[in-house]
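Same chain, two partners: chain A is paired with chain B first, then with chain C.
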Partner chain A sequence: MSTVSTVTPGSVSELSARELRRAAWSRWGYRLSVVAGWVVFVGVWYLVARLVLTPQQLPQPHVVAVEAWDVLRLREFGGNFQASILRVAAGFLLALLLSVGLGLLIAYSRWWRRLLGRVLQFVVSIPTVSFAVLSLIVLGISPMGPILNTMIVATPYITTNLAQGLTGVDRRLIVMSESFGRTRAQIIVGVLIPSSLLSILGGARLAFAVAWRVALLTEIFASADGIGLQIRRSFESYDIQGMLAWALLFIVIMLLIENLVLRQVERRLSRWRTPATGVAP
Partner chain B sequence: MATVLIEDLTKVYPPTINNPKQVQALGGLSMSITGNVFVAVVGPSGSGKTTLLNIVAGVELPTSGSVRALQEGVPARVGYVFQEPRLLPWRTVVDNMLYVQDRKSDRSRREAEFYLQMVGLGDVADLYPSQLSGGMQQRVGIARAFLVNPDVLLLDEPFSHLDALTGRSLRDYLQRIWLQSRKTALFVTHDVTEAVELADRIVMLRPGGVTYDDISIDLPRPRRHGDPAVRDIQDEVLRRFDAMGAAVRFGAEGV
Partner chain C sequence: MGAPQDLGGFGPFDVRPTAEGATIRERLLRSPPFIGLLALALLLLIWQWIAWVNTRVPGIDEIVRFMVTEMSGGSHGGALTGEFWAPLATSMQRYAVGLAIGVPIGAALGLLIGAFRWARGLFNDTVLVLLALPAVVWAFLAALWFGLSAWGPILAVVLTVVPFMAVNLSAGVRNIEPGLIQMSRSFDVPFGRRFVHLLFGGSLPSGFTGLRLAFMTGWNSLLIVEWFGATSGVGWRARFWYDALRYPGFVGWIFLFVILITLLDRLLLSPLERRAFRWNQQPTLTFEEEL
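On to the complex of A and B.
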């Protein structure tokens, strides 16, 4: 026996309400899992500090938190943070500029793609600590070290994503633009940049995550100020609490920038990827 | 009044890695279109229909021969409706319309909204293409082509990717909007039914891009699907189409 199902406006709105509830639960589930991850991390830290290691080897989380508060209030965190973040920003900006040129070469020239593809692969596979040591040997104690290292490490990620974005541009949209008499500049601004923007942002986010770690590492080896230098000083004076506190503060701020700024920008720029509503033709 | 003059047009694509032989899409095609007429170019796959439109639009160059699309002696402004909507997915519907406009002003936005209303999409101006169905996106494509106030309207099988019902409804929209504007239209299709419903003249191409037949359609508008007069002409065009198929198969020059 066949059955006939009837969809009424009421049942459609019920379905939508159910889907909305499910989406809300899914959002809360995601938030809870993030919080649970942090709770587990702090819990394991606490247990290891309490049961396995001594306070001189690994202080407990609350001790580091109190030390971090002291660092924030009393130990010129602002000045050192400013020095570090400006280097990350400068290196990152240089990497962006360099990547635009390299990305265009890779996207539109087979010869350059072959040449630079191998070079970028090589750069990505170099251990980041090598850059820190190398900059100490070549540049000595200099603010240029973290900047250049950030640029070198970030460039392959942004370049590769930019080139992928440019080669993935829908050629039919360019033909459409040409047929309506759009100029080359209008096509670059109207089609090429927007269609590769998400790819570039993805690469930039990845590059940023690697870049600030390299900047910090280079500061530990070869800098006259910045968070990295403070970590080294704490280490040299056997102040493990201070070392962890400085590192923790910087990591937290970098993660906030990554997640609250870069991810939000990416989300805002990908608004147009909303699913089809299934409206009538 | 717009004129499209096509003289001895040939397009040969060179061999590629995927296709080691060169392909002749158009082989010395000549035709002229004068005035506010709707001309359908009908032919099987490989008869160079899309190539012809691309050359008229200026996005492809011919191997030899010439195409001149003129409006009162100066190059004509072209509006193009593609097989697929070709909308910029990151722009809203109205911003997609404004992208093809030279000047962005309140007036151009009002004009864009006017043409969206003409195709029954007045209330989706601020949605993104991904929020529309395929038929709605194609209607935006039609509205966009009319928005530039084209002297020559090019349509490349705009209904071929749609289901039959949606295609028919879009043909009605196109017919209605064309009757109001009366632009010189060059419409490429392999569907004889829609060619007869829409066109004043049907140019039949055979494989290799050569004219096989040129038929005038003298029927009042708007034409309705299933109208006996429309059906009679469709039958006649289909008969000629079959004859062309036989002629091509047996290597004859014509029927």
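On to the complex of A and C.
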């Protein structure tokens, strides 16, 4: 279908100019479509809110934005947020400790690795809401629920990536360190930890994404304070704009932590090597 | 949960050679079914231990006894009689309808986003927003929009299923070998055939991963929405026994909920995913089972 044309210097520059123009246009076209996407998203929200549902069912976007600003200024956002984020952090820390313990078992024997792999696989396949509900009766209304559930859900991700990271360590580096008479501790600090750090971090990022959702869910079912409780309270008093405002504020902050802070740390630490990403168990 | 990556750890980490003539006992100890059973037993043992320590938590024997009464429709004492198949059938029906609506929409959206730049610009951010919202937000919204009708749970399932399908399929399309696309262009393969064999075939594996995740999260949000805003279904029944302070019933229904999705995943989705991946790579979300 294409015909071969003779090429002269003039036609080449003409062609490349046209190509450049087309590339620039398509870049702008893409940006335009992104903007159009947001316009459509907000527009559909407005349309549904105005025409299909009542304001008690779905408030318009600007109402939610004003409400969020209100929540931020007037309604103890700081205290509730602190309670929630501290629980996520505590659960996460516990998950890290547990993962190191499990990692030792995994490194110790193949049989343990297979057994733990199976156990973790079971745990991952349990719908997260069941942990939230079960903590209601195991722990009652208590701050331990979100912490323990964060730990349970985050552990498989971190452990898998720890195992993955240890597997990926260049064996020749270990052999070399041994022949140069390095001690065990030196090898762990100098070789094992730096080489597996990245995949652990990648796993930690994935784990965090699951963990804060579980913590929120657990707070909704069983907690005396925190963002989750505020969302549930708003829901139970049919205050949709309050519910959306609390939820959106928390989600935006968590996504920022996930995508800016954790990703930046990962990028910074991975400058010296090709990046590794987290692996789902 | 972001888009899943390739298979995780537990690879050939231990390099010691296996013993040549393993005894039958050793082989049994190492066989995957045995290890699976052992893992299950370990988890049940942990539960039983919690039940011994904490008096509020029902033991496994109590749970089983309660669920047998529930299944046979016998009396739980007083006017409360067992109800098993009706809530289960209601939930299953909602789940099936939600998936039947959500999966095709999500798949179509994913193929569009993967294949066309304009579609990516137009829909990608919206899909990511939908993905970022926890299922519980959808559950609450659906409950408020539809009250106690059956459409609330169905909508919640649809809304959680769509972004998972879309994200995974579009990632699958973008991962198709560019050389294949160029070749099919140079050979003037018609669009219809390119769509079926290249686009659809190439994105099939990640499509199955998306399907698996979608099935799991959809089931999740079904329980949440039934817990907070329904008068029938598995979630409602669990809530009913929780409010009645009959913890064996509550835990029994939650266990049933877990067992059902695990069975579905093990017997149907996981083998399908493995099959879809067989031609080029390994599936996600599984631990390696060789050795």
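Assume the second predicted complex is superposed on the first by the 220 of 281 C-alpha atoms of A that agree within 3 Å, B and C clash if a C-alpha of one lies under 4 Å from a C-alpha of the other, contacts with A are read in each partner's own complex, and residues count from 1 in each chain.
Just so we're on the same page, a contact is a pair of C-beta atoms (placed from the backbone, for glycine too) under 8 Å apart; a residue touches a chain by one contact, two chains touch by 3 or more.
On a predicted model such as this, the values are computed, not experimentally measured, just so you know.
> Check the residue A:190 against both partner chains and state whether it touches chain B (first), chain C (second), both, or neither.
After superposing on A, A:190 lies in contact with chain B but is clear of chain C.
> Looking at A:160 after the superposition, I want to know if it touches chain B, chain C, both of them or none. Which is it: first, second, both, neither?
In the superposition, A:160 touches chain C alone.
> Tell me which of chain B and chain C touches more residues of chain A.
Of chain B and chain C, the partner in contact with more residues of chain A is C.
> After superposition on the shared chain, which partner residues are touched by A:61: those of chain B (first), chain C (second), both, or neither?
After superposing on A, A:61 lies clear of both chain B and chain C.
> Applying the document's definition of touch, where does A:38 land relative to chain B and chain C: first, second, both, or neither?
In the superposition, A:38 touches chain C alone.
> On chain A, which stretch or stretches are contacted by chain B in one complex as well as by chain C in the other?
Of chain A, residues 277-281 contact chain B in one complex and chain C in the other.
> Give the list of chain C residues in touch with chain A in this complex.
Residues of chain C touching chain A: 1-2, 4-14, 16, 29-30, 32, 35-36, 38-40, 42-43, 50, 54, 56-57, 117-126, 129, 132-137, 140-141, 143-145, 188, 216, 219-221, 223-224, 227-228, 238, 242, 247, 250-251, 254, 257-258, 261-262, 265, 284-289, 291.
> Mind listing the chain A positions that touch chain C in their complex?
1, 26, 29-34, 36-38, 40-41, 53, 57-58, 106-107, 109-111, 113-115, 117-130, 133-134, 136-138, 140, 159-167, 206, 209-210, 213, 216-217, 220, 231, 235, 238, 240, 243-244, 247, 251, 255, 277-281
> What does chain A use to touch chain B in their complex?
Going by the criterion above, the answer is residues 172-173, 175-182, 190-191, 194-195, 197, 269, 271-281.
> Name, in rising order, each residue of chain B that touches chain A in their complex.
54, 57-59, 77-80, 82, 84, 86, 88-91, 99-100, 128-136, 148, 154, 162, 165-166, 169
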